[in-house]
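Listed below are the structures to be examined.
What follows is a pair of complexes built around chain A, which joins chain B in one and chain C in the other.
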Partner chain A sequence: MNRNKRSHLLQQYLYVGPTALFFLCMVLVPFFLGIYYSFTSWNGISSHVGWNGIQNYVHIFTRDYSFLNAFWFTAKFTVVALILTNLLGFALAYILTRRLFARNTLRAVFFIPHVIGGLLLGFIWQFIFVQGFSSIGELTGWSFFTLPWLGTGTTAFWAIVIVFVWQNAGYLMVIYISAINNVPSSLIEAAKVDGAGRSQLLRKVIVPLIMPAVTVCLFLTISWSFKLFDLNLSLTEGGPFKSTQTVSLNIYEEAFTISRFGLGSAKAMIFFIIVAIISLLQVRATKKKEVEM
Partner chain B sequence: MDFIARKRNGSRIVTQIVVILLAILFLVPFYFLVGNSFKGYGEILSNSASFPGAFNGDNYTQAWHATNFSYVFMNSLVITVVSNVLLALLCAMCAYKMVRNDNLFNRVLFVAFVAAMVIPFQAIMIPLVQVISGIGLMNTRIGLIVAYLGFGAPLTVFLLHGFVKSVPVDIEEAATVDGSSPNGIFFRVVLPLMQPIIVTVIILNTLWIWNDYLMPSLILHDPQLRTIPIATYMFFGEYTKQWDLALPALVMGITPIVIFFLAMQKYIIEGIAQGSVKG
Partner chain C sequence: MNRWKRALLVLLPLLIVVAGGCSQSSGTAGVVTVDVFQFKAEISQQLDELKAEFEREHPNIRLNIQTVGGGSDYGASLKAKFSSGDQPDLFTLGGDHERDMWLEYLEDLSDQPWVADVKEVALDQMTVDGKLYGMPMNLEGYGFIYNKDLFEQAGITEEPQTLSELREACEKLQAAGITPFANGYQAWFVLGNHFANVAFAQQPDPEQFIAELTEGTAAFMGNEIFQQWIDLLDLTLEYGNPNPLSMDYSSQVSTFATGQAAMMQQGNWTQVQIDGINPELNLGILPMPIHDSDTNRGMIYAGVPGNWVVNKNSKVKEEAKTFLNWMVTSEMGKRYITSEFKFIPALDSIEGTEDDLGQLGVEVLKYADAGKTLSWNWTRLPNGMPQEMYSSIQGYIGGSLTREEMLEQFQRNWDNLSFQ
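Up next, the complex of A and B:
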């Protein structure tokens, strides 16, 4: 009996131990260290870590306009990107669940941008906005293509939106396709027999039944766009004049370019709290929807 | 009836055309990228929309050597493969025991994993660098892999945990009666059953790790250790606006993952649809 118990314990260590240890060292310890650093004036190098109380937080909320700007930019970007990516993703899914020629190839085409990392995509699109668009502009004469796309704050904002939508709509499409395919065909047939037209079918039957997928997609997009970093770094590097800097990039520069680890950690904690609140809302929204179903 | 059928057909043809045009629009960036990667510098500047006059491979040779691409590719490959195998295996073991041994520690750990899924990388990156240099793994591939094992664990365990719960215990009991050891049960009975969700997990983690820039850039500083995203970033820093070299480097950078996608397309699309249900 005792031996059995000991082997049981050994199994627990062997199976759960490694993952728990990596998780502890690489996530929990840094996370709690980060909370501590956020109350200090540490610069990352000196052995002296000066206690700073809540000074970092006060500084961020009252004087750090770059952070507040980055925050405002990120929030605006998230809302716009969220709406456009989901609309396009759903539209593609809705179209590509119909019996069309080369359906699977088309799905693959729309998905491909997502497999390429944001950093490389940003560089690719930098070329397209700078060289490609101006060539198209010369050929067609359309002023849309001759705008200084990465040169002003407003156009650079839309440039990032365009690339983000192009990159992620296909991913959402895949989720929406599987949700639409799971709508029982008997329900659709019944609605058709009752005389529902295509738009009624969409609004009254399909959309309500795929709400769980909508929730998943909405929060997936929020999480991607709110944490946007790679694409921002390579496409605009936050410019011109920091007008397109995301919160992630702002934290990164605070910590690793200006070497203010304490201040950077405080920003990271604020960022964490906001992301946590959004995620809690997500869990609540999902739960509520499940009850309704 | 006939009229309605014809109208339906007509609308299908219109939809078909619209969706094909959209697909072409989606592919235009790749045309610009690949087409211009074969042009000389002057040709790119004068007209980037034209089809390349001659296919010039010199750009590629130069970019290949300047980025040290064979090295860089191997680094990305080794890091992605090793991290993936270890993440899938260790997390599968962990998730399995957490489901079957319902004790306090495992319950607390599960709550910690779920809570940690919320933590953005930016919130831990600053001290993570300290921790990794503290244990002497700075500037090593092992250090990066260990960081992936820790940071990837919450979502991976969560997905696997949900799946293990649906595996009936009866099968394991039958195997015990047949004289299988606990390890035998896991590796020969449960692990094979987990294959579909493991495919999902590997796909999600591959897309993440292969494309990740921030974490490797903080841990790997040695030029010999660069991954594809780091090498691309460094290359752009050195050759600003030298598109005749930058574009071939970008084409080389995206080729492996695009090939991976085309080869695994079916699994990737199914895996994502599955993973998102829990996402």
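Up next, the complex of A and C:
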């Protein structure tokens, strides 16, 4: 091997090596350990790990209705959050790509919630829902503000949706803005010359051309809302009556509070497979809609 | 090769950091450090003072105390410590279930000099096959705490001991314009741990009943004691404050302490808060009866909230044992337990006076010494069960579940959670 080639190889190791090593340590090894533990009755403490076969999986599908409840809740949440976040994100982007007073400031303002961590947001909004809303309600008498927001299952569901949409719409807005700005102005002018109105322009020109951004945004919101954990933990902790427990929180409690680490791992595996399938289906479906220029 | 060098320059500091993290800091020769990890946040300051006293008398031993408060946080941190290899030498654990989960790490303490003094009620939760694996930190007890002055005002001369007597007392109180109960049913442990425990503790053999529930030979539905237990729940609701589900722990205590209610289901740990609001109250603890018969008459519910345990694999376990022994045998240690920690001692060799423990502490001690206590069982239930029972009982109180549906939910959750 000549010297040049060897140095090239060394460079490859040097650049890819550390990342590969960390990926191996932080992702691959825990993943395969997780698969192993999902077939055991390990409690997270003992040095003895008992083999359980597929009993954990059987248990989840036959007796553990708390997981099914959490799953149903997460699925409902994902659908609602997906639609609302994308609609709001796109609407903000559409408005903020026009010539508008204080356009850049507004963009920053809408983006900021995404920068604050979900845990902190949850605590802040808990205060708003419990104290802030009820004070406003007392002052104005509007029934919207006097609802027991975190006290019943239905309102707590919408409370999480509101905070999630508020947190993430700004991020999607940024993606949509760059996509809308990339639509060639020649195409838009041509459409205008052909007599297209504002709504036709939006539906027939802009939306088809920003489909790649839609793919990305849908993918992001699906994975964010499916894996929702921090907001759920700090805002409702799954309550009231476990009615707002997401799958992630359910898995966490199973493994670390109830100390059934094996069962928790099994749930995490099922969850992984389902999220992977849904994400793949979604990416494939929206890819088809993308148009080449 | 220039790039290679530059990359090395970047990587080298990283390697040094990693290598530095691996090396162990070693102490001064002859002095050993005992790592202590404990969950009683309320005593952490006093424990630090006690540590200074101990280190003065034992110059060769240093204590490194870490406190993490709150039930589940502590458990998760302890697990994290063990899995990261940073095992504490001396730590605290709940009895029964937690004892079994950690058993392989626990040092057998049966040969320690203080073992003979441990009160009967505190032994069982830390014993396996006749061996004692932990030193109970203290005793706590709960029942219906009552305001003696309000009872007198309503003309109640004798402490109610049965369900019917309790109902009569409530009626007298109500006739005198006094709310009988302050029900803090928003607090999960008030319902899920303490109230739910009544139904288990009243079983003829709670431990066996729990085992049978797991085996499937016993059931919640059709169990007479659970029906009687719901009678007691109904009684507290009938004679309690409106909106019990939105009254949390602190408002329950303050409602009671300000004299707006005559009774509350709570334990001796509320003494400090009550004293903060009204130190002049005359307090007593009533039993929580679920029927009128003579079985389990006049009992309150007492147990051990936490135990000191020694890590079997520790290199300094003898020093850890020295500290435990010193804490319960030296005058200094005993004084700290009662007058600084405000603990009801779990050992007969330590005396508690009313000045130290408060009226409620003395009351619990009186019941315990007379053998008038029933056990704490939530540490024996499957993990997560108290929280599930809390949800179901709330559903019943809120009216969305019937008696039978509540018991069915108990059963379903038990079947799920008892699977290992």
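By our rule, the second predicted complex is superposed on the first by the 269 of 293 C-alpha atoms of A that agree within 3 Å, B and C clash if a C-alpha of one lies under 4 Å from a C-alpha of the other, contacts with A are read in each partner's own complex, and residues count from 1 in each chain.
One rule holds in what follows: contacts are C-beta pairs under 8 Å (C-beta built on N, C-alpha and C of every residue); 3 or more make two chains touch, one makes a residue touch a chain.
Bear in mind the structure is a predicted one, so any value in this text is a computation, not a measurement.
Student: Residues of chain A touched by chain B versus by chain C: which partner has the larger set?
Tutor: Here the partner covering more residues of chain A is B.
Student: May I ask you to decide whether A:Ile251 touches chain B, chain C, both, or neither, giving the answer as first, second, both or neither?
Tutor: first
Student: Quick check on the superposed pair: does A:Arg107 touch chain B, chain C, both, or neither? Answer first, second, both or neither.
Tutor: Only chain B; A:Arg107 stays clear of chain C.
Student: Output check: A:His48 vs chain B and chain C. Expected answer is one of first, second, both, neither. What do you get?
Tutor: Second partner only.
Student: I'd like to know which partner A:Phe164 touches here: chain B for first, chain C for second, both or neither.
Tutor: neither
Student: What is the contact status of A:Gln11 with respect to chain B (first) and chain C (second): first, second, both, or neither?
Tutor: Touch status of A:Gln11: both partners.
Student: May I ask you to decide whether A:Trp149 touches chain B, chain C, both, or neither, giving the answer as first, second, both or neither?
Tutor: In the superposition, A:Trp149 touches no partner, neither chain B nor chain C.
Student: Once the two structures are fitted together, what part of chain A is touched by chain B and by chain C alike?
Tutor: Overlap of chain B and chain C footprints on chain A: residues 7, 11, 14-15, 18, 44, 256.
Student: So in the complex, which bits of chain A are touching chain B?
Tutor: 7-8, 11-12, 14-16, 18-20, 22-31, 33-34, 37, 44, 92, 95-96, 98-101, 106-120, 123-125, 127-128, 131-132, 134-136, 138-139, 166, 171, 174-175, 177-178, 213, 216-217, 220, 227, 229-230, 233-234, 247-248, 251-252, 255-256, 261, 264-265, 268-269, 271-272, 275-276, 279
Student: Along chain A, where are the residues that touch chain C in the complex?
Tutor: 7, 10-11, 14-15, 18, 41, 43-48, 59, 63-66, 151, 240-242, 253, 256-260, 263
Student: Inside the complex, what are the residues of chain B that reach chain A?
Tutor: On the chain B side, the touching residues are 12, 15-16, 18-20, 22-23, 26-27, 29, 32-33, 36, 44-45, 47-50, 90-91, 93-94, 96-98, 101, 103, 105-106, 109, 112-113, 116-128, 130-131, 135, 146-147, 149-151, 153-154, 157, 182, 186, 207, 210-214, 218, 228-229, 232-233, 236, 243, 246-247, 250, 253-254, 257-258, 260-262, 265, 268-269, 272-273, 276-277, 279.
Student: Considering the complex alone, what residue numbers of chain C touch chain A?
Tutor: 1, 3-4, 7, 11, 72, 75-76, 79, 82-83, 101-102, 104-105, 246, 382-384, 388, 391, 394-395, 412, 415-417, 419-420
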